[in-house]
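To start, the structure under review is shown below, and the notes come after it.
The first chain written gets the first letter, and so on, giving A, B and C; residue counts start at 1 in each chain.
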């Protein structure tokens, strides 16, 4: 349905649309955009007026650079593992029919509905010396005494992948489910063996889903707070824990704000990169 | 091997076989496939010389698409063999078969533009960049799309997409081209234009091609030969004219073109002619039959004249449908529904009138009564 | 798809499902432990931790706060978010695409950063009441979920259905009521479900806006875990999980999990 072009700049329909949209817009502006702008402003506060002291401390000290690297490397590892598991898994779910598919999708949605705290807590139980994982490994004879898993980086990665995996699978699944299998058949009739058909047709066509999943999991895991706190604690300081500490403990507002801005910048960069690559994929 | 049925009866005329000095390009023998209890394909056999355009024609569920997919390697038969160019390809995966496919929904790669799609198969063949570019250009010119090489797929119309799909399949110079209802997504005028164009193009490059369609007009227009399929079997394999004038079975008769059919019983048979008694009169058929057999007599509407002749019958005009170049007259005769075709220039009779109609005895077709479709 | 690829896909899918369910099963199992120590497998079953839930210090106020926050913010967001979605998809709104992107952008932003930003702003304007701050914060948390789901649902909605209804004798209003609302109801439910959960389970924003006396349930739970973990937490979590399973079953009944995951089936 094509609506006729408006004769006046603000005709009735546009006014109505503006009216409908303004409450949401106000909330967005007042409770999201302005606070973030204020955060930026606070981060630039020094002893006397504007200063980049907070950023200098954050980005100049090896201690804090290591912390930033912690967050980034955690995000990279978690994203990579989630992608390796999630991408093939999406194909299986997409091929499943009826109850099997519902069952597998339920396995994805159910954890989403449980709070991060509950899940991270569960992993602390699973990974203790007397926990199921150790018991199984002992039973299978792979180890002969319980190994320390809690508060290790392995525990952190395992727990984080567990939390963020659905966020990788769901965007990929929604694209893979709509992938026309005849495209692979066409590639085969044109001479592509299965590997070539996958690399040259299936992968590029499902790439938008992959990019969406990667962007989402990366930005979620780079800002993870609860999972590192419960599964590894002080041994692995992250940008998120630094922010929390600055505000809740040490009351260093400018520094905390600067950390927040940096974290935000990383998230924004991820979103923008994914948008750009998503667009390029459609030549 | 034109005009003979697979598992044929001896009630039909023989058509002189066409001479084939060279071995057939594509030979299919004994192909069968079962899905659970259903026999999807039963003992399919056919041979195609190089350069022939063959259509697999039939209603949905007759097995034509299954057969096509097996030739392409996208499905596997239970028994039988497919030999292409002297090579047994029955168990080869599709990418080793040299079979090109044009799909019903085109299956164009959305992440590549027109040139990218056409070049896809060529790039897999390790040709040089220059060779690929030249081949792409050539193929696009063949389908009159050379000016659209850089367009993304989603910017093309249905007809243009269809040509890209064709160019893509042609570019790799496959031994045989398969068209899976490839024209069904086009609107009517475009489809008719494409039918003629495709036929010319394929003949021009000497391609061997198989079309799958349920549209009998398309089959008759485009093919050198047609295989009429029904419930997993080939009922008749013949050139369009033979198929139309002398359908081998009642199903082929009903599926291709219009017809009128009346049940009857053979009363006598001598010197190559039979007399068949129907509820509305006697019909003469130009072949011998066992007296007493239950049969169906039939002919095409265009042979029917509204006057006395070899097989004169009587009936009442029920309706007249004007169709431009012709009119169809529906006549009620007993329980049979008769269709007569008049040229558009003739004045058709009025509904309700009683008329005499007849057709030449040489155009009488007869089938065993069990075959009634 | 060839055999190796298919096998890999299924192995990954099944492993992923087990992996994802593992913590939930552990929590459920631990909640029945007869001893205060989380020994798995449990040597018996006991419901005592479930009975203890109500006695947890500060539990009821926290539960009440979380429920109220989730319900109110979800309802408000549903109304405002749907209105905005209508304006974006059907109205001739200048800058509709940018607005839609802005509305859904908080979903990709670290909640933590939003938390401290709101803390700064509220302090700046002198707002110290935790209830109000939490409510406003949860509005921003829930609104993007509603916006995203409703915009997607409306974009998918075929407006020629309304035209068909009009030709069959409905007034414009009736068409909207009889055709569009039922078609959009699933999106509405999904939006409500996601918003509710997002608010109820939220930690990173809420932690900065609570004070000693008003805590939301997730914050309280983390406190319990850090201070005195015993299976009562597991029991509580199991109950919450059970409630969520029921919600998901309802969602599947009315909407279908496939549809929620973004396909058109």
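One rule holds for everything that comes next: a contact is a pair of C-beta atoms (placed from the backbone, for glycine too) under 8 Å apart; a residue touches a chain by one contact, two chains touch by 3 or more.
Everything quoted here is computed from the prediction, not taken from an experiment.
Colleague: Applying the contact rule given earlier, which two chains have the most C-beta pairs between them?
Modeller: Chains A-C share more contact pairs than any other pair.
Colleague: Report back the single chain whose CA centre is most distant from the CA centre of subunit A.
Modeller: The chain farthest from subunit A, judged by C-alpha centres, is B.
Colleague: Calculate how many whole Å lie between the centre of subunit A and the centre of subunit C, each centre taken as the average of the chain's C-alpha atoms.
Modeller: Whole-Å distance between the two chain centres: 16.
Colleague: Using the average of all C-alpha atoms in each chain as its centre, how far is it in Å between subunit A and subunit B?
Modeller: So the centre of subunit A lies 56 Å away from the centre of subunit B.
Colleague: Could you say which residues in subunit A touch two or more other chains, in rising order?
Modeller: 194
Colleague: Give me the residues of subunit B that touch two or more other chains.
Modeller: Correct list: empty.
Colleague: Subunit A touches which residues of subunit C in the complex?
Modeller: 1-2, 5-6, 8-17, 19-24, 26-27, 30, 38-41, 80-81, 83-84, 86-88, 90-94, 99, 102-103, 105-106, 108-114, 116-121, 124, 136-137, 139-140, 143, 147, 159-160, 163, 197, 200-201, 203-204, 207-208, 218, 221-222, 225, 229, 233-234, 237, 240-241, 244-245, 247-248, 252, 256-258, 260-265
Colleague: Which stretch or stretches of subunit A touch subunit B in the complex?
Modeller: Contact set of subunit A toward subunit B: 180, 182-183, 185-194, 196-197, 200-201, 204-205, 207, 281-283.
Colleague: Can you list the subunit A residues touching subunit C in their complex?
Modeller: 1, 3, 6, 13-14, 16-21, 23-25, 27-28, 31-36, 38-39, 42, 85-86, 88-93, 95-96, 101-119, 121-123, 125-126, 128, 130-132, 135, 161-162, 165-166, 169-171, 173-174, 177-178, 181, 184, 194, 198, 215-216, 219, 222-223, 225-226, 230, 240, 243-244, 247-248, 253, 256-257, 260-261, 263-264, 267-268, 270-271
Colleague: Which of the residues in subunit B come into contact with subunit A in the complex?
Modeller: Within the complex, subunit B touches subunit A at residues 72-74, 93-95, 97, 99-101, 103, 105, 107-113, 116, 120-121, 124-125, 152, 168-169, 172, 174.
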